[in-house]
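First chain A sits with chain B, and in the next complex the same chain sits with chain C.
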Partner chain A sequence: MIVCKAFLKVIRKNIGMIIIYTVIFLVFSVANSRTGETQTTFVSEKPSVCLVTEDDSLLSDCLCRYIGEHMEIVDLPEQDRADALFYKEICSIIRIPKHYGRNVCSGEQTAVGIQTSVDYKAEFVKLMLERFGRVQNIYVKTTDSEQELVNAIESALESSVKVEVASALDEKALTAASDFYNFAAYSMMACIVFIICLVLSSFNEIMIRKRTLVSSMPYGKYSTLLMLSSCLYAMAVWAVLVLLSFCIVPDGMKTDRGIWYVMNGCLYMLVSLTLAYLLSTVLKGKNAITGIVNVITLGCSFLCGVFVPADYLPDSVMAVARVLPTYWYVQTNELLKTTETLDKTTVLPILIHFAVLSGFCVLFYAAGMMISRHNRRIA
Partner chain B sequence: MSVILEVSHLTKEYKTVKAVDDLSFTLNEHEILGLLGPNGSGKSTTMNCILSLLRYSSGSIRIHGKEMSPSAYDLKQEIGVIFQDVAVFEELTVYDNIRYFCGLYIRDRKTAEAYIEDAIHLTGLEDYRKFYPKQLSGGLLRRLNIACGIAHKPKLLFFDEPTVAVDPQSRNNILEGIEKLREQGASVIYTTHYMEEAEQLCDRIIIMDKGKILASGTPDSLKSITSVTEKVMAEVPRLSEEKLHKLEGEVTNGSIRYENGRLVVSFHDGKDHITHLIDILRRMQISYLRIYSERPTLNDVFLELTGKELRD
Partner chain C sequence: MFLHNYRYSLVVLLRNKGLVFWTLAFPVIMALLFHMSFAGIDDAERFSAIEVAVVDDDAYQNQVIFARAMEELSKSEDAVLHLHYADSTEAEELLNNGEVTAVISIQKREPVVRVLSSGIQETIVQSVVEEIRCDSEVISDLAKEEILAEIGEDGTDLDFERIFTDISKAVLSVKSKVNNLNQKEYSFVMIEYESLIAMTCLYSGLLSMTLMNMHQANLSAVGKRSTVAPARRGAVLAGAMCAALTVQLITLMMLYAVLLLIVKADFGNDIGKILLLSLSGSLAGLTLGAAVSVLVRTGENAKMTVLLSIVMSGCFCSGMMGIVMKNIIDKHLPFINWINPAAMITDGLYALYYYGAVDRYWFDLASILLFSVVMTAVSIGGLRRRQYDSM
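Now for the complex of A and B:
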């Protein structure tokens, strides 16, 4: 008990460090959640299109309404359209051909004409039109009149729009949660590895070690107590992070993903803990610790997409990052964000990532064990 | 008197040097035994071997008749060690440091707290409980180092040069403290290269060099080894070769050395040669700043045994 107590006291002497890391983290994640909001309003900008209707039927009216709902319709005289497309004032020209409604109802193949520029907005327009086409083709077989078809299409698209809104909101919350836990990777590793290394270096200082070795405290018990104290501390750091996540990104945490984020964080905590243990057996001296731990925590964070989203990193970097535990942790967060539903097949890759993280724990612990056994006597 | 510690034929070899060479000695109950030797003579190595901190090449170490080993925790319970280098936590206060090291031995909180108070009183750290090691002077830090080693009231104490780099007053405090511990029933092994300290404190002294015992015994019996009976020292800033030669002719019953402006005349028959020497110096018109006489010291013993000075 005296060992744990002294451990906590030494930690308390380093509390300044812990606070700094936590504040950095809070500033990061709160700032991020702000920029996230402005980004979504930017994305919801509607693409401009030019709509030419040669048909006059219920179905083409319905299609016009649908286009008007999702896109900005610009009226242009015939001769200006090509220029506007070229200068990207509009991203596509949509042409509803003659007898469109009649042809569709009679089962003839009829396509909406579309002319596009090359950019992502045009892709969106194509996607939206394809969707309308799909829905229309489904209901044309089951309905008898054009009016019925239009009603079916409108209710289907409306409900699908509703679903879309719901999932968009979800996605936002999950992105926030994922970003939170990604940032947490740095703070958690720094807080755990740095502080535990510092504290253990005090306990492993050669003269203190000698004193401990000549005392009547069995060495095995002593190191177990030190380990236990480190473990308690790491768990406290993790608990604080989980608590913060429920405060800062509550929407994402309240979904079925919440528990998975927490578990992923727990595994990463264990990885940091065992890494701290390994490093503390190797590193001597506080200066060495400050330097090397910074290199390791910052390096892991940058290479594995904690600060810069993984999508922006070159493939070569990501290939290297695979040997780092942070990569697997971040990838799990990404999976949790993007996987549509969690079921047997989608959970499997997450579990594999968990297994890899556990592997890192075992590896670090075993290596630390071997080295410390080697260091037992001072001769 | 019962034997507490028995070291027999202890040998410790590093790759290139034999740091301890076939060393045998015993420590009796309530005894302060000095290990005296110059730097690198193997004092610390001997101590670390006894404490099972170092693997030794051969020999045996018995405490209370039991073989000492890294896992002999019952023996370790009785042992207190004060290392040559200060070993305390920078992050803990004076009190917490003592509390921690005492706590490694003493489970019971009440007992531990009483013991800590005793240690604080013995080392005179009452006013510094809340200080951090960084805020202590060198002498106070040494005292804290000692307090951490003795707080659990061990019966067998090892001090490894506890007074290095300590001012004379703190040094006396420390020596008195050790004396008090002995009065309270402890047996002590005291390592030093200061012969005055060894003479002042120890009941018995072992003089070591190059890992071997050169001589051992009480301070007085050791001093009888040397044939020097008196040394007269004179501070003579200038002395020509010629005059030194002439002086050697004048002083027939002593041997003369002159180095660094100091003239040392060792006599081998009786005492009170100082007036005689003053007469000779005056006659030869050799001016001196200061002249004084000294009894033979352990340094002379060491000089006689090894041909070199103990002082570094």
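Now for the complex of A and C:
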């Protein structure tokens, strides 16, 4: 009990740090958790664009209506447009030039101008505008007036195709849950490793260590109690994250994947706990702990797809990331997001990832024990 | 006295391992981590032909115009779709394995698109198929008109095949291009590197704070000695600040070397203006550290926590932990970034990169210098005539 009380006392001293990591986690999780309505039918994306019209003709009105049907038109003042494009608030600025309608009808060369960002949404906008332009160029030769041209274009562009969704998965809800648990990797590792390292290192201070060694309490009991207290703290952090997940991404957690996300989180908590134990045997002093723990937690998060989706990371980075436990944790979340049904075959890769995470736990704990034994001998 | 203090302050700073880590090593480590994580983002977002499976059965082959248009689309240089012809089972397998984004088939003489979920790639496939269907309808309309016209002229011996082929060729060969007004391709992730430079500039506050703490009588034994020493306080502090600035210059040089040579970040061509802004930012960091050291009257650790909280909150608002954050703050809570030195530095670098040197850059530079002047005034005001009755 004395050990446990002392442990909690040191934790209370670092409560500010725990709150900071929890707040950072909450801000990012809430920002990423706008899941919207449950979606199992196809809904066309409507990229946001800024439309600038310098022409007032039937044809340009027709084009504006067409753009409005397929895209979200955002009204922005001139000075804010370039910034909005850079920050991808909009994907394109579309400019319909002066005398557009008149020039098209008289056969003069004229084209809609666009400024775009570099992404699929911008390509979609370009495709849609080119589609309008093609239909317009086909019919301008066979119609006699602007009104006739507009009617022909509108009737030609009415066609639509049937889109079926093959998957019954609510991908938006599962994406939100996966993103939540992916980001939890950073918060959980930072909260657990940093605080436990600080606490254990304060128990490892030379004077306290000597006092403990000469005390009546058997060393085995002392270290077991210390480990149990650390475990208790780590479980509390994990429990808070699980609770938060049910509050912030309830749709994803209510599916059959919910329990798997929780189990994956539990294994990652154990990995963080054993890593903290290992680091506490190696690192001395608060400054060293702060620096190394920051580098390890940020490094794991950046390299394994916590901050940036794993699909965006280069293959070379992903190859290196395989030696880190965070990679296996994040990959499990990704598998849970995309696997159509969970059965014996599809669960197998997830269980293999669990086994790898358990392997990391054993490895870290064994290494920590070895170093601790060595340290005790030289103390 | 100045040189003596300068030299010893330099030694103090360089021998402090924690300080060397946070000011010199940490920004470089962050730059390398950013590089490894963000290097692929621009390429991943750049458009490339979307993988699509086509169910190549009798129903598909019977839709001659549709099949021909699909082939034409995937053959062109700037193809939107990359087609995989397969039977229905194989196509479904490709879709479920994530190897294709959509499966296109013909059911009851109508094209049907099958996807796994909603998204922009799926919407593009939908719009392409709609376009092809639209072309088919246009060809049918024009063919009808042509047939009616030819019947009017000479009702006998109509060559339907020829009319149909001619019109198909004519319609499918019509092209339309939009006028691309993009001047240059800009990288969205540059904000991360710009805010990293802002963080590094403001981390110089740790250097000035360490030295200021060293010269305050209520904080250390060295401070007591320094306060009672017969040396001009201004000269002592000026030497300390110059030493901090020297270390900061080394840090900036290392960071820029990593960013330009390894990360290959493109900050624009105006190196002089970039360095001027970085130096001014470092000055703002140094004065901020000094002001916090003077104003916050607690222990060294608490002062450091306050300074780091200010710097990291500033970096958060300038987009370091989420690129769009700066834009959101600028739009909804602009007053925060008016007083945020990290946002001023990031915005100045962004203005140079995105707009070239414009008024916005000079405005940011002036704001940073004004911030430094205010912080210096606050530090001087706090330090002047400070006396202790007892220690």
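Here is the rule we go by: the second predicted complex is superposed on the first by the 242 of 379 C-alpha atoms of A that agree within 3 Å, B and C clash if a C-alpha of one lies under 4 Å from a C-alpha of the other, contacts with A are read in each partner's own complex, and residues count from 1 in each chain.
Definition applied: contacts are C-beta pairs under 8 Å (C-beta built on N, C-alpha and C of every residue); 3 or more make two chains touch, one makes a residue touch a chain.
Everything numeric here is computed off the predicted structure, so don't read it as measured data.
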Partner contacting more residues of chain A (chain B vs chain C): C
First (chain B), second (chain C), both or neither touched by A:S215: first
First (chain B), second (chain C), both or neither touched by A:A366: neither
Chain B versus chain C as contact partner of A:M207, first or second or both or neither: first
Which superposed partner A:P314 touches (first chain B, second chain C, both, neither): second
Partner chain in contact with A:I352 - chain B first, chain C second, else both or neither: neither
Chain B residues within the chain A interface of the complex: 48, 51-55, 70-71, 73-74, 76-77, 79, 81, 83, 85-92, 96, 99-101, 103-105, 148-149
Interfacial residue positions of chain C with respect to chain A in the complex: 17-18, 21-22, 26, 29-30, 33-34, 36-42, 44-47, 80, 92, 95-96, 98, 103, 110-124, 126-131, 133-134, 137-138, 141-142, 145, 171, 174-182, 185-186, 188, 305, 321-324, 326-327, 330, 350, 354-355
Residue ranges of chain A touching chain C (in the complex, touch as defined): 16, 24, 28, 31, 39, 42-45, 47, 70, 82-84, 86-89, 93, 95, 111-124, 126-139, 142, 156-157, 159-167, 169, 171, 287, 290-291, 294-295, 298-299, 302-303, 307-308, 311-314, 317, 338, 340
Partner chain B, residues of chain A touching it in the complex: 1-3, 5-6, 9-10, 13-14, 202, 205, 207-208, 210-219, 222, 377-379
